[in-house]
């Protein structure tokens, strides 16, 4: 199944064009309210776009005769688990197969299999009202998967799950999504990297970036993708050996890939580890020095992540203590040009 | 406000005893279905425990005359945002103050302030049906905070939030929770470390571990806490210079803290970075060598995290490629004794 | 734990209950218990009671068969003139039952709108038990439609949409999601319809007439009896009431409240 | 997007609508349009119409004032014997209206249960406009209670619990959460009650009598007129119907469906 | 006339027309008196008086119901019969079934749809007596609870014939045709009137009773088809 979706939804400020190849898994990233769930809604047929068209393979789903949700063979795992309150977990999961015409017994067997996949076998007989948040989410995942759709739409499947089941479930999803056309909304870089072939980044209802998952997360072009990937980004124009932002920041770096000309829009991307923190500007070296104010300190593995607005630096706990860092401290973020990756925006 | 809670809820297999000191923030950790939400429900008065008692300061809330939820001056942010569908976001947030007797105008002003705190000022006029998942969650946080309760109960406040707002919101919460008695349920180690003074770990309805946040997460005693902290743990008995588990694993290490005697229950804890991965057992050195099967590989910063069941090792991408690791590969996890922290269980 | 209700609400609730229950007590106090046995077992009463039960049950079934689709269409689709249709469907509620009976006569009677058509088909509804059922259905149908539509609107459409994305065709959605979810509403609607049908009198008498065993339902019997024996009529109504309580009680006994995930 | 309904459902829905609407058409076809003006503007009709509107509106208000607490108590608390109370409250639905009127007489009449008490207080309710209101309230109250209780159960308690944890006292919860959430149910309940009160006849005649301007409501007037002038009675019912449609239409015009977060 | 004197008259529905005329006449001759006429089934009216409905005069359509009032001591003195009524056969205009008399109704071969009043109500009792006197057994398709219901069936053409009072046929105008029943002449229904013991205006009540019994009353009633006692 190849999904082609072009849609505008004026009430939600959405205007996107998206393609998911047969068997491909696309991760949809973007800030809250970017329009991710809306895109899934349009694909599932729950929301009629103002303009645009949706095709699955070459079958047009919109147009004169709108194909209703149930005839699309898509399954949507919505942000809210929305398990049917009057059915047991087992019957919730069996709902998809039964709707596809499978007999009760066979559907239940299949449902039991899916419940086992999400480690929820012992919840089979419970009503949704008797499940914890994470348990309900797992059953909802099983229900969506059990429908064995041609197009699978998952809205934050890992939400509410505890750290102990997440890796196993990610494994399960990876296996299940193999060869199945899927769009998965996530806020987690691991989901994007492990589950998706491609990443599409939405912001304010528009696609701001897309490409192979590893590439987008290694060399993001949009601030949000950089954020998800845990990278610092300064975007502006390439001029005189540095990327200069509108706000007056200049980050020197080494352009990679196609040559940049003076004035080209470009981004400078660097890892928090590559940032050194000083109380006063280090003298005379050819480094980039960005005066910032610390907004937050948080532990990050063995280190301390020093946040200053949208930039972050990782320093050792020892260094942090020595610099006497605290929110509000004015400091200099300094980055060696060799650590800064510069490429066109 | 000091919260003392002792409760059993047979239907949910809960049997806990919990104390939160005045002004303290406690993070409640635990796997799905451990009983975290149930504990909050009991504290809020939504759930009547089968036995036990709940006191706030020295005021008994259960007992002969049960104090109803509204008279407890607690506010609960439930796992599901449950915004009132007929009220705008602003009026949802103003609901708490208005219930406390604040006049409409003043309550709305206050609500506007709280909406600004969660970066949702421009959502004020929207109905919940017109909000995205993350937007609704932010409004729900603002609503709980605006009630200015004596005891604040937050169930996974950061769920559904995007990476761009999470740090700022965590900052806000940190400021707001300062000096306010709070219980916060979370699956995120950063929330626990940054927001909480103390951590309580639940498992199957029982408290399995508690202590100062930094300490519990640095030297966990329960497998789940180790998981959250991202540490490997082998628990068993101390014997002959190693912690030996029931499953036959032996991890050599250096006991810290109070002396261990032979046969004492103990845990061996070590970081994934401290684990080296070999295809064949390295000869002759005094290291611990655990034969495992790789279940999963996932990127972890610059490295690759090699998961093998409940153990994990971080290796460089280069090493992973050289070892030709893939799920199913049998490998040896090897840990230097000096990297292993051993202490009583 | 239930959220409960404000304490002061108990006062008007009790007042309302008293207002409904006191007259029942007054009736019970008036019943001539000694004659009751003979009265209830008289052939006329027995026939009337059985007829009432049979026709009311049939009408309730008809109301469900016709009313569920009507409520679903009103609550779940939109078409031009929907508001007008909704108001019009309510009308039998307002029409005095006698006029409702006349309207039915003008429609299905021998000289009514459809009378000739029906005549040609060899169908004669007037003065038959079928006419009783029709009259009861006519007056009871709006109750089911209105209360079910309200329940459908309150329940919302979210679960139905989820079901559709799981591949359930509209019929499956209706059967496995919509109806189970609004079951409390459907049940109370059916109870209302049954009660209204059981108590129906004016339209029945006007449209179907009143002949023992064929068209004379218990309310009609009570009304006639009252001309000669008020106390007997009161006693017989008590029978009606007891029967209704039993039927309704049995029908709603297992009405466990359904809840969303808490 | 709405989930819609199965296509085949339209057939029974249309059948049901036709069953209700055809008789109305038949009535309209029979109305003697030329006499209508004179009939409607006759003093008797005007008095009856105004009285009907006044009393039905009052009864509807009473039904809401008494019925909302009753429904809330039934749906949101549990006490021993609740099932019995629920069934008993339904009884006026089943009681033939005439018997209902008798029951009211036996309670509030001169010789009734409370008659003497009321007499001492100098209150004479029977055969006054107040009696009309009481009779209408008696028959209409269960409609409101039943349909509202269904709506309350369907809506569930989750939002009420949330409100309580935010410090809202039960009264505040009721006013700001419960009632707004079940507004569609409350509205349809009130519409049912109003319609039932407007069409009420049997209990009114028995308990309140039929005196022009005091207790003779439009249905009574129609009933009396029917003895001598069937067409006139039909025409007058049409007036009743039109008035009801207008009132109901105005009352429910702004009934926007409420939804949970989608 | 709200502040004026009010005289409350309860009368059987079949008397509505003539009594309205009588009331008008009474108001004309009694300045400041407002006659309020309340009509209904005789049983209902008596029940209302029993339960304390304010009333000055009661006129019923049969003696049985009036006797209940008398037995309860509700009347002021003995009721007096002021009119009589006899049954007639009402058929739809044009008499589509070609009914001519009682014999047709009892003939199973004719299959005439006949409606009568139930034996419990006065007109039904009268119908039974008429049939009994003739020795025929009626097989009605419906036994109605009131004259109005019988007429309704005939007017709508649903029934081929109905047994009602002659005054009812008269009041229905063109909607039905009346066929006189010779057999019915012997079965006469009496209409009694009485002032009530609890009357607020006993004198006026008596005056109204007198007016009903007097020449004017007799005239008006005769115009409506009632017989003289």
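A few comments on the model shown:
When the chains are written out, they are named A, B, C, D and E in that same order, and each has its own residue count from 1.
By our rule, a contact is a pair of C-beta atoms (placed from the backbone, for glycine too) under 8 Å apart; a residue touches a chain by one contact, two chains touch by 3 or more.
Given the structure is predicted, the values throughout are model-derived calculations rather than measurements.
Counting hops only between chains that touch, subunit A reaches subunit E in a minimum of 2.
Among all pairs of chains, C-D has the largest number of C-beta pairs in contact.
Centroid to centroid, with C-alpha atoms defining each point, subunit A and subunit C lie 55 Å apart.
The centroid of the Cα atoms in subunit C and the matching centroid in subunit D are 14 Å apart.
With touch defined as above, residues shared between interfaces to two or more other chains in subunit C number as follows: 1, 3-4, 102, 106, 112, 158, 161, 163-164, 169-170, 173, 181, 223, 226, 230, 258-262.
Counting partners per residue, subunit A has 45-46, 68-69, 80, 131 as the residues that reach two or more other chains. Across the assembly, subunit E contributes 47, 152, 156 as residues in contact with two or more other chains.
Residues of subunit D touching subunit E in their complex: 102, 105, 109-112, 115, 124, 126-127, 205-206, 209-212, 214, 216, 224, 226-228, 230.
Residues 30-34, 36-37, 79-80, 131-135, 138, 155-156, 159-165, 167-168, 170-171, 187, 190, 193-194, 224, 227-228, 230, 271, 273, 295-296, 298-299, 301-302, 307, 327 of subunit B touch subunit A in their complex. Of all the residues in subunit C, the ones that touch subunit A in their complex are 158-159, 161-170, 172-173, 176-177, 180-181, 183, 258-262. Subunit D contributes residues 1-13, 15-17, 19-27, 29-30, 65-70, 72-73, 76-78, 83, 85-100, 102-104, 106-107, 112-114, 137-138, 141-143, 145-147, 149-151, 153-158, 160-161, 163-164, 169-171, 173-174, 181-182, 184-185, 187-189, 191-192, 195-196, 198-199, 201-202, 219, 222-223, 226, 230, 233-234, 237, 240-241, 244-245, 248-249, 252-253, 257-260, 262 to its touches with subunit C in the complex. Contacts from subunit E toward subunit C in the complex involve residues 41, 43, 47, 113, 115, 118, 120-121, 140-145, 149, 152-153, 156-158.
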